């Protein structure tokens, strides 16, 4: 087992690598690109790596289904960190190439909608072909197959290219969220600005099941931050739900909500509690009345007194 | 302090006494009639009596407000037992009186609607005057003030009367519920067919407060059996709620619901958990999926495993 | 039929008469005291009176069950107005009586808790006996049976008494709410600060029925102002609910909520929409987003466009 | 405008074409394959085609995001039909190829998980490379680039291939759902077994917004059949929801739920009501008490009588 190695969705030069390098600990780890999300996660499962950084959600494209499905139904892993990375593109070219020389461009298909307007304005006649990843596009430019590639500016050095134009993105700033997944262990320590991830299967296919699920959170004042339906594979109309809620499993309101889910749903997979990226505890709104740990403790004490006839 | 004395809403010969005598322990207690519900309960508070039996609800007349208000806002007491007593009346007369001799009848005002039809059919010309209690009516007949009184058949002996007609009641069988109240102590033992009583004050007067209160029960699958609104005395539109729910405070679902109420409401008074009258555990419907103690325990265990990374 | 006659809960000199006289139209009506709430309402049903004013709720004592039950299950009537009257008492005596002369006092039982503190402070040795009504107490003082009666100051003249002390009440200002009931007809006109009253029977005795009832209101953003449970007479645990909600039946949100109740409950009795006493439209908080008549109309228009393929 | 032309997600020989050919009307239409979902839909928007058949959901892979996003945010279209197609694969080869000759196989990436087990069992050494579509894979086999392609059996003829093995699929039978989209017009006629599709944007990002959305359906007893979250593109944590519910917009309960959504959500897009594939009205469970059109009508009538004083 090599906890000093972190895998990530490669190849080198992708946004995932850039996201991984924002983690302080990345400086002391061996970073190993993998060909796919399953490969990156399998290396963790087998013990070849201590953790894997993989994209889970993009503010434009939506959930990354490979990651969602691996975490939901693959051999259990847990999330210990999240990273948010604003996505903006550079147009990478071989040294010496000018904008007027660019006749063919490439990039990952998900990059296309984000650079479409820029292309229409600045390179209306350039022909687009998709590459397997943004970094792969850069490599194809290095090999001379295309004149330019859209990729992260940080990928230029890796492939001997130079950024001709930078900070290209759609009007709405795209952000990708990545998670650092490791083998199941104690959750990350509570910071006061935390997030908890679970996957929830609904039981018999009764109409109100999703409503009941949400009410387990609502009844304890736990705010849901993300809900993503995924097919269970058992037929049209059968879903499981990947859910992020605010708070840490050690917060009493979160723990009670999770136990509520566990009781009414046939299967709940706890994916971890971890610090929310980009938010400090001071920035959070106050909790709903009656949902703080102090109020939970006071209510427990009261119940104990009732049981003793001292209420 | 005299735990061997039980007070009850008197005078002798009322339905309350009859209800009290259905309790096996009544045989070994000194039974003391009191002039009012507050007097019966105050004797318990002061230690002059060990417990008091008072009516709390009638299936025709509704809640007994004196009892509800004493339990809600008086010096704390707890309920340890409940008794259900079918209410049917006898027409009590002095020995020698025949039906045709009855020109004037009396009884407690709440008796009147329950004997109205019988009166119209059998004594259409008799004149009704109200008495302070059914037993008091019997006494007035004994004294010759009225020809007949409606009261419990059991009151005849006490007042030297005889029942001329028995089992008089309205088509719908009336039942009165009584509670045995004592000083706060450990709740009655769980039997599996239990009831829990609380009084709940709503906080700021926001419109959805009652809905939130009910949802604390509903979220844990705890069925509400009775809800009675009472004014708090703070103005029109300000209520507290007297609530009975099924289950015992030591049932996990009930305890969690009570703690939920305690957290969101400014004040909750626990009035006790006690055996349901007239129902055995076998007769109860199964609990809602996910609300048994076993399921609560399993969910707690699962949460503990999640916290250890062993889920 | 005599619409120019209004009955009220008598006798003359009660708070009900005082409340009735606050209505401008009372000046031009024949006001007739009746011996009971049912008698006052029956006179309306039979056409002998155009309307009846009866108490329905007291901020200290709670709902007036005779009124609630008559409106719920008697021959249908409708509420067209409400009146709020602060309740404070005067100590009425025969001319010439001084405070030190008062050995016996009387009044209606509900007056007692509201004058108890005053009595303890100023007439600690006076003996209390209950009267059938506050006005009746005044009459008994007139007849010399008691030295003083607690009643409304306005009752003094009627019974040839004089108020020895006025403005006696408990610390919390008691208010009684009265309603003016008439035969069913078009509801009172909408004013923008209205109230709607209904009585709702729950169907099969399933645990969540009350929650469902409240959700019909909540789903349309209609605030409930009062809820009072009353036994249906069919046995312990069977209730109907007397409910006041804000808004007028012609408000779309209220109409939709009422129809929702009508669909899920076996029986709903509409008791009227009428102006809220003591509140002007300007004082009301804004409606919840999505519940104004304009938003209902816009949604209807949108649905019509969807049906035409023009959304 | 050419209503006689139907586009579909091509190329020829895909499952989409097979699904389209299950529609009786396909026999009399010109069927035109398009290179992408947007292209197929744009042809309808521009009037070049009367309708387009596109995949929207797969029981294994989940929602087809291109279709969901085009219908949600592209120029409005409406759904008039749905088609369910069981997905099973044939291994297509050039005539003369035997199983032992197969060293390289291809197919659409979504086919891979569904044939993985079969491959491991029967062609463990064959090398997989992804193709742009199943049909494209077949074409590449025709051109000699690969030895075999996984595709629908129906694609064999188009590409001069023959099915070497048929009915290959994972243990769980995969199904793909397709929708026939046209320009907005009157919805498809109600059949009694219908489905309604909408896209719903949540307003301010408040925690309970999704719960409120679901309650608009639940309050009217309308069952939700599918919910899919999609990013709005406005940042991490901002979603719209693509929802299918049972029932037809002309069903009163559905219409009221849709109006409820319209009132509380900043934007609702109606995508159509259309017959449910594979279900007849007789097979449906009975509607929840209180939600039939008859009950809605009866409640409307009752409200009208209340307004007239005739309830």
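Brief remarks follow.
By written order: A, B, C and D. Residues from 1 in each chain.
In this text, a residue touches a chain if its C-beta (ideal position, glycine included) is under 8 Å from a C-beta of that chain, and two chains touch if they have at least 3 such contacts.
According to UniProt, the chain labels map to these proteins: A, B, C, D = Prephenate dehydratase.
Because the structure is predicted, anything quoted here is derived from the model rather than measured.
Shared contact partners of subunit B (Prephenate dehydratase) and subunit C (Prephenate dehydratase) are absent.
With centres defined as mean CA coordinates, subunit D (Prephenate dehydratase) is found 27 Å away from subunit A (Prephenate dehydratase).
Taking each chain's centre as the mean of its C-alpha atoms, subunit B (Prephenate dehydratase) lies 59 Å from subunit D (Prephenate dehydratase).
One finds 57 Å separating the Cα centroids of subunit C (Prephenate dehydratase) and subunit D (Prephenate dehydratase). Listed for subunit A (Prephenate dehydratase) are residues 215, each touching two or more other chains. Counting only pairs that meet the touch rule, the chains in contact are A-B, A-D, B-C, C-D. On the side of subunit A (Prephenate dehydratase), the complex with subunit D (Prephenate dehydratase) involves touching residues 57-63, 65, 84, 170, 172-175, 177, 207-208, 210-211, 214-215, 218, 223-231, 233-239.
Put simply, subunit D (Prephenate dehydratase) touches subunit C (Prephenate dehydratase) in their complex at residues 76, 78, 184-187, 215-216, 219, 249-250, 255-256, 258-260, 262-264, 268-270, 289-291, 295-296, 298-300, 302-303, 306-311.
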